[in-house]
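Pasting a structure here, questions to come.
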Amino acid sequence: MNLPIMEQTFISAKASFAEAKAVILGCPYDGSATFRPGARFGPSAIRKTSWGIETYSPYQESDLTQIKIHDMGDLELPLGEKKTSLSLIQEGARRILSAKKFPIFLGGDHLITLPIIEEIHRVYPDVHVLHIDAHTDLREEYLGETLNHSTVMKKVLDLLSKGRLSQVGIRSGAQEEFALAEKIGSILFSDPKSLRRMVNRLKNRPVYISLDLDVMDPGLLPGVGTPEPGGFTFQEILSLFKGLQPLRVIGFDLVELTPDYDPSQISSVTASVILREMILAFCSR
Amino acid sequence: MNLPIMEQTFISAKASFAEAKAVILGCPYDGSATFRPGARFGPSAIRKTSWGIETYSPYQESDLTQIKIHDMGDLELPLGEKKTSLSLIQEGARRILSAKKFPIFLGGDHLITLPIIEEIHRVYPDVHVLHIDAHTDLREEYLGETLNHSTVMKKVLDLLSKGRLSQVGIRSGAQEEFALAEKIGSILFSDPKSLRRMVNRLKNRPVYISLDLDVMDPGLLPGVGTPEPGGFTFQEILSLFKGLQPLRVIGFDLVELTPDYDPSQISSVTASVILREMILAFCSR
Amino acid sequence: MNLPIMEQTFISAKASFAEAKAVILGCPYDGSATFRPGARFGPSAIRKTSWGIETYSPYQESDLTQIKIHDMGDLELPLGEKKTSLSLIQEGARRILSAKKFPIFLGGDHLITLPIIEEIHRVYPDVHVLHIDAHTDLREEYLGETLNHSTVMKKVLDLLSKGRLSQVGIRSGAQEEFALAEKIGSILFSDPKSLRRMVNRLKNRPVYISLDLDVMDPGLLPGVGTPEPGGFTFQEILSLFKGLQPLRVIGFDLVELTPDYDPSQISSVTASVILREMILAFCSR
Amino acid sequence: MNLPIMEQTFISAKASFAEAKAVILGCPYDGSATFRPGARFGPSAIRKTSWGIETYSPYQESDLTQIKIHDMGDLELPLGEKKTSLSLIQEGARRILSAKKFPIFLGGDHLITLPIIEEIHRVYPDVHVLHIDAHTDLREEYLGETLNHSTVMKKVLDLLSKGRLSQVGIRSGAQEEFALAEKIGSILFSDPKSLRRMVNRLKNRPVYISLDLDVMDPGLLPGVGTPEPGGFTFQEILSLFKGLQPLRVIGFDLVELTPDYDPSQISSVTASVILREMILAFCSR
Amino acid sequence: MNLPIMEQTFISAKASFAEAKAVILGCPYDGSATFRPGARFGPSAIRKTSWGIETYSPYQESDLTQIKIHDMGDLELPLGEKKTSLSLIQEGARRILSAKKFPIFLGGDHLITLPIIEEIHRVYPDVHVLHIDAHTDLREEYLGETLNHSTVMKKVLDLLSKGRLSQVGIRSGAQEEFALAEKIGSILFSDPKSLRRMVNRLKNRPVYISLDLDVMDPGLLPGVGTPEPGGFTFQEILSLFKGLQPLRVIGFDLVELTPDYDPSQISSVTASVILREMILAFCSR
Amino acid sequence: MNLPIMEQTFISAKASFAEAKAVILGCPYDGSATFRPGARFGPSAIRKTSWGIETYSPYQESDLTQIKIHDMGDLELPLGEKKTSLSLIQEGARRILSAKKFPIFLGGDHLITLPIIEEIHRVYPDVHVLHIDAHTDLREEYLGETLNHSTVMKKVLDLLSKGRLSQVGIRSGAQEEFALAEKIGSILFSDPKSLRRMVNRLKNRPVYISLDLDVMDPGLLPGVGTPEPGGFTFQEILSLFKGLQPLRVIGFDLVELTPDYDPSQISSVTASVILREMILAFCSR
């Protein structure tokens, strides 16, 4: 008699590190959340609820089981030590990249994206960052803090220079942030035409996608650190992914899920399906 | 002085069994839920919150008070005994059908639909089933279990044969389930044209509707056993009902409400309004 | 070293009463709620969560910091004494109006609007009321109660007479209420054309807006006393405000937020953004 | 085949009004709650969760099934009309008393006890009231409101005069309230000796018990309008009931359950068991 | 640089199956819950929250790190198939017992104990069962269902015969259950003297402990299927364990944690500490 | 007509800074929480719920209104910048101390106590710290982090030296922490005799009290960062305060309230009453 044991990884992520094409790493740092903390519990909530969804996507007519995925679990981080936490995340990214795997990071708050992109940038010096978010995250500082989930894209911009950052879904920010975004032309509409133009421009360039789950409407995904009304529906996010599929995506992250603010758990379930769709859209090339 | 006492039935369901045209029966079996249990509390949650809505539908310009409805309450079921529970539900269906009433069943998980359709099928051998759901429910088995909320439509199909099952709203299932659905052509788009074609085909045939509340978007109706992003809005469900109104509907069920996963109670309120709209759309012919 | 202290007002409402152009007053009366009470906690929840949003609106490209706003805090009301509570609210309105400030009221249940409009009507005898709500609120009485959150617009109508009340977003009410609404032609569609027609008709007339937050879809704003499926999305509410901008609005209220029914807090956050948008759209003329 | 249907009354309360010895009436008025409203949902929550407990008490070695109980359900009250609501409650009490039944009232906030005692007092002019509560409820007024859940025992005192009110469990009140309580000697310790003394004094006098559930520790029963730390454990409440058993109790109420503030539902379950114990202790003489 | 990854087992359970002395197996069957389902999520909730507690017990002055423990994870069970689920649990027990490990089972509802004890009984024919619970669980049947979480100890009794079952903490059951318990003398007080007597009687006999977490007071541990007021405090459970320490315990289970009914998560944390204390008290001989 | 406005301070804290004897400062830093974050919302939750309790303590027969208290509100802190946040808290302490006020700090996580005691120590070089907590907080480091809510008392010890730290309520910690506590003899039982001995020893010495709310039983106060079963009841905390009253307390803090983990809000209410009792016990000398 066979003794079936439930997996504790993300659904269908059964491959070993060695045999995997894509590798998932949980980065549960939430020390720079300015409103509601708790994104440290995001990656484990995605893993747990992923067993309530299917591996098959009827939207893309493909199945997660067709891709070899390894789930490394969550980094154990000293959450009050920002620098150390970011270094450990960077080291995690290094391990995955040096093994030539497709990296997938689960946040944590949005600041985790900074050390990841620093590492991505060393491997792909011409990387372009596609930032999908409700918030510009282009502040210089927040209450004097320069490394923060609300300044992270300003830091990315400083690293990559103008023209290397595109932003979709933005609907919140300070006046100065929108002024900067306009100046560098980063903000992108999500209509097919705008997307096609960007896709054409970036064709053959390595693209890293950073998706803050608060880009979704808070009605659909209430469990985030900084909810903002008026976001994407699930259908709009699917259309966006479809439009982006021609890109040469070399990695992505999914951040800011704060599951304890959503007792209905639909935020975690929806994040799981978004993760499935992103893996199928971007890892299988 | 008159002493007003609050009713404990579904709103406006004051008729006796004898005088009623339509009869509501709660079937709180949730023993085959594969993800989150608790649909046993669905029918009582609908009854309770129904007193916060109106009996009048501005969409259909008609009023529940114009239809004589009896609410039998909930069956008392031995939830760990699947066969016995299903038999009791079937017996409940028999009582309503043999009295020539329009039957309305409140789940419970989706497996309750199987004994109901078995009974419906005896009375209406040419019945067509319209399955409104996020999930195909066409599995052969789930972890070796063949009678399950995820296999129920496969069993219905086996009973009724090909061409007698139509499915609307489907957006989740295993690859084999979609393959089967495609083979038998069951999946239907919810655009007016597709609906009209089906309505034309089924005109004068008895139709039974089984509506799994997870067909709605989980943002609107989070309290279900297996939430799946990307569902119908309330307007879309109204349009669907409008499109289906020419059908000769001979009964329906509403399943999978899991109220304790939604502390905001909007799931139960929305289910109450959906029940009102279905009664007005399908019982008043 | 400067010692920064967090404000406890609505975001950016730092002006003194004397210097302010607009004045916010919390009216936490919820004694006439017929379904779920708790709107007494609405104004404080808006204040608290407003610190998680931005002062800048990318939709209107303007910033709250450009308007001098004073937040008076919440009235302390004897909630079981309806008449006294309503008198205190009326007195609050009188203070603001007699100082020639733009008044903004936060409910509380919808009955608070009655004493406010009585006061507004004394100052602006030709005031037109724009009622944005899911419910008609046109009952004569509810269980014998004539002053109630479900009769409030009937009372307003009695005060102002026919043609002086317009209603947008209505999707729930008793049959008689819809009959009355039709008779007086109050119900308005929210399409640009209908709005433009009303705006043209009311140009130069003083308009008071009363917005019941249950006009929004309960998926987006579950924390209300009487949730009703099928409401406005946030984009629709923005379009509505845009369409109304030519009006000469002389005050408004935001009522029925019931925050303890929404542990995700998205209701309060969304109400905060709606309040920001209304201030920017209607106070800055 | 028998078709078992779940009851919607309090557990085991199957008797008709005519045959019943004891009669339960839900009085869901909560219009005078000063902190958290929602006691309107108390009686229905007790009914629903009572089906998760047993009819048998191992503490008293007796069973609810041995007493004929009728459950009238809940009064339908115009909650914003305090006077009317109280009149309807008084009328409800009158019906039960005039039929010579043992009356049991479920609140609702504590103000419901006033019209009940007015009615009790007409039938039993020498009634003594035993008030079990965390709060003195002896205020003259609260924010100018004289009929309120915090003034109710002052009104009872005015009706019955000094020496006819005893209070147990009190641990919260204004300084003047404690001064008054001391002056009239109402406050009673719950040790066996104090209880015995009171029981001796009241032997053969009709006693009405009014139990505010916040007398329990909020750790055990968090779902109340005004939680106050440091209350009775369940064992202490059992001891209290045991000590009171020799009294000639002629009716009682159980008030202030506010179930929506307790998602764990233990408040309603505990209230159900307390109700069972009170029925067994006081109705079976 | 070392890359620290968080464990997903119960805290400190890092040993391999081969090297372990004690083995934990999650048995997430909850198909026989009669009131609130959801114990299927119990084992994973214990694992997750165990990382918020310490491995060291100041009560026993010993540390989990001193015992080699393996955590097998959770069985994957077809929850609607009672017989199959119970067989798989029995097979799991067989694996652990045949490898001569100390078995620890995490429920799931209490019915999981039956197949476990059947297996234990094959290995230890003279086993004595110590049942720690709020409920007798001695029913013959529940709504016609004979295999159920409320009949499990009757089945155990049938298997082991009179004198081989002791019950502590019991405070709820039907009258017949208490009658049976009295007849067979199973119910035990938890005072030191009673315990000492039992311990003396059972010295050298193999003892299996089955602990239903609802034996704790629901104020401390609200997240259970069938909460019952008046249970053990944590100190009382510690005293009980201390009194039982001389026994030769050969395995135990911990059942009925229903974490989704407790958003505060204290139920899972407390269950984790109880599990730590049981391992330290009973596995280290 | 007077227009009553609700206060937003802690109850009865109406004095200006200048006239106040005691000053409350909220320090909402929670960046070093190792398990559940959210203590940033602690001070505002205490303020809000304090309006549901009384100013009068029947335990001490005294009233908050007899003490002039000023509530400064909450510091606005860059939560991801530990050093800066701690500096701002220290600066806040300096302001209060240099004005010779009795300081009261509301956390925030326990690390806030470190900068406060550094400042206290400058003013009172012979200060003794009384640490009331479930956890030793005596770690050298946690995952490499040396400034953390779990190391804070080790840092205090390093500052003050042996014999200057007493700890009450401790029931959780690593083995090394208990070893250290034993070596320095810091842990104190809460029985009257032990307390009297300590009080005698410290008579006339300035004493600072740091109270971590998780010292209370999590059944009573579930909303804390790191719940630990088996804590103080409210009566035990009152007895403790009574025993400590002869001490010359020169300030105190109340930390680790994490209100969003407790939808019943009893944690915040209980914290409010504890704060009232501490003010009455320790500020009025």
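The first chain written gets the first letter, and so on, giving A, B, C, D, E and F; residue counts start at 1 in each chain.
Throughout what follows, a residue touches a chain if its C-beta (ideal position, glycine included) is under 8 Å from a C-beta of that chain, and two chains touch if they have at least 3 such contacts.
Computed from a prediction, not measured in an experiment: that's the story for all the values here.
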Partner chains that chain C and chain F have in common: A, D
Classification of the chain C:chain D interface as same or different, half of numbers criterion: same
Comparison of A-E and D-F by number of C-beta pairs in contact, larger one: D-F
Distance from the mean Cα position of chain F to that of chain B, given in whole angstrom: 55
Rounded Å distance between chain A and chain F, as computed from the means of their C-alpha atoms: 39
For chain D, residues contacting two or more additional chains: 4, 34, 36, 76-77, 143, 217, 219-220, 260-261, 263-264
Touch relationships between chains, expressed as pairs: A-B, A-C, A-E, A-F, B-C, B-D, B-E, C-D, C-F, D-E, D-F, E-F
Of all residues in chain D, those that touch chain E in their complex: 4, 51-56, 58-59, 63, 217, 219-221, 233-235, 238, 263-266, 269-270, 273-274
Contacting residues of chain C [partner chain B, same complex]: 34-36, 143, 170-175, 178, 217-220, 222-223, 226-230, 261-264
Residues of chain B defined as touching chain D within the complex: 1, 3-6, 8, 26, 28, 44, 48, 72-77, 87-88, 91-92, 95, 260, 263
Touch list for chain D against partner chain C, complex: 30-34, 36-38, 40, 76-82, 84, 111, 142-145, 147-148, 260-261
